[in-house]
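Working notes, beginning with the structure itself.
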Amino acid sequence: MKVRVLYFGIVRERLGVGSEVYELEDGATVGDFQCGLTVRLGNDNVGAGTVRVAVNREYVDSSYPLSENDEVAVIPPVSGG
Amino acid sequence: MKVRVLYFGIVRERLGVGSEVYELEDGATVGDFQCGLTVRLGNDNVGAGTVRVAVNREYVDSSYPLSENDEVAVIPPVSGG
Amino acid sequence: MFDVVDRKITLDEVSEAVAESGVGAIATFAGVTRDTNRGRRVLKLEYEAYPEMAVAQLEKIAEIARGKWEVKKIAVLHRIGEVPLGETSVAIAVSSAHRADALPACQFMIDELKHVAPIWKKEYFEGGEVWIGSLADCAH
Amino acid sequence: MFDVVDRKITLDEVSEAVAESGVGAIATFAGVTRDTNRGRRVLKLEYEAYPEMAVAQLEKIAEIARGKWEVKKIAVLHRIGEVPLGETSVAIAVSSAHRADALPACQFMIDELKHVAPIWKKEYFEGGEVWIGSLADCAH
């Protein structure tokens, strides 16, 4: 299945991209997506473990099952205000 | 001695005057001044007992000794804001 | 800035009065004249003050607030005379470096103002008028 | 009104957005960009947001606030893009009939916004730049 992924802040800068279409196996969870993200972010000190994931504009945990066309957002530590 | 007295709000309205010069015996306290005020306000429901008195822009209690030319203000229950 | 004025007041003017280098947070409070009070329809409101003492008392409250919170600047404007319904009767602004200080200090300012500032509100409603807070007010 | 905008914001516009009949109190909070942070001189600040989710999260926080306090209306504007030093990055206004509700609800809104709103601040200082709150930020 395909999901649309949005990157923000430090993650967007490190990956050099703000959004992309991401291919996952059917039945994949947010946790599966996060594993791939951690590999891509590698050893630099972005802290992939500290990012949260939102699906369709709601925070979800790693067990959340993804669906075709979901909007998946990678949310590094927020600092609004 | 003479003091200058200021009246506000409901007390000003009931007395029909905003300020006046008031003659008191030397050594008079705020309590002495209040006794005279209560008599003047009489039995109408202004609640002379609930007014506070300020001398030279500070709240004082009834034992406070008045001096010549003090600015004495009669402060009914406040309702600013 | 602590003042009693006979004109319209805005939040932007009090917040500008507390701006300075190092400010990271500004909290404000505005009291607004309500069209109803205790179930009665209000026609108009008038405020009266003992201005010199009101300013002195506000400075005193602000001094106490400075002892409790890390505050940069405090401004209070209270309007007197007739205040049309829905307009601002009092505006308070407090600035601080961090947000943990400005909001509680602003709350403290309005709570204390209501207790000690020599300012009085007269409410004109259908069928009467009353000085709010006075014993005469209890009769209604 | 909950919005993310790329322009100057004022307290008066958020306070006007929460005015309505029966309002007696309006509390506001403004976050202001500071010229120094943790001892370093800030040159400029840029904010980035995930606007649709930011608005959805602010609506959710406001719903929770309505359950806790007797609130009339809530408005939040967050600025994005470069915010010049000393200007407002976020403005919140909460209206209520009585003052006991508006101020704590306003505090709740800014506290929760800082925890969950998907908005990020990048600080440019002498000698570097950093996304505030990220692990990279710890290195400085």
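Note that the chains are named A, B, C and D in the order they appear, and that numbering of residues resets to 1 at the start of each chain.
By definition in this document, a contact is a pair of C-beta atoms (placed from the backbone, for glycine too) under 8 Å apart; a residue touches a chain by one contact, two chains touch by 3 or more.
Values in this document were obtained by computation on a predicted structure and should not be read as measured data.
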_Hopping along touching chains only, can you work out the least number of steps from subunit A to subunit C?_
2
*Please name the chain that ends up farthest from subunit D once chain centres are defined by their CA atoms averaged.*
B
_Can you compute the centre-to-centre distance for subunit B and subunit C, using the mean CA position of each chain? Integer Å is fine._
25
*asked:* Can you work out the whole-Å distance between the CA centroids of subunit B and subunit D?
replied: 48
_Suppose each chain is reduced to the average of its Cα coordinates; what separation in Å results between subunit A and subunit B?_
71
*List, in ascending order, every residue of subunit C touching at least 2 other chains.*
31, 99, 110
_Can you list every residue of subunit B that touches 2 or more other chains, as numbers and ranges?_
81
*Inter-chain touch pairs (all)*: A-D, B-C, C-D
_Quick check: in the complex, which residue numbers of subunit B touch subunit C?_
6, 8-10, 12-13, 45-47, 50, 54, 57-59, 73, 75-81
_Residues of subunit D defined as touching subunit A within the complex_ = 31, 47-50, 52-54, 56-57, 78, 89-90, 110, 113-122, 131-136, 138-139
*Which bits of subunit C are touching subunit D when the two form their complex?*
10-12, 15, 19, 21-36, 86, 95, 97, 99, 102-104, 106-107, 110
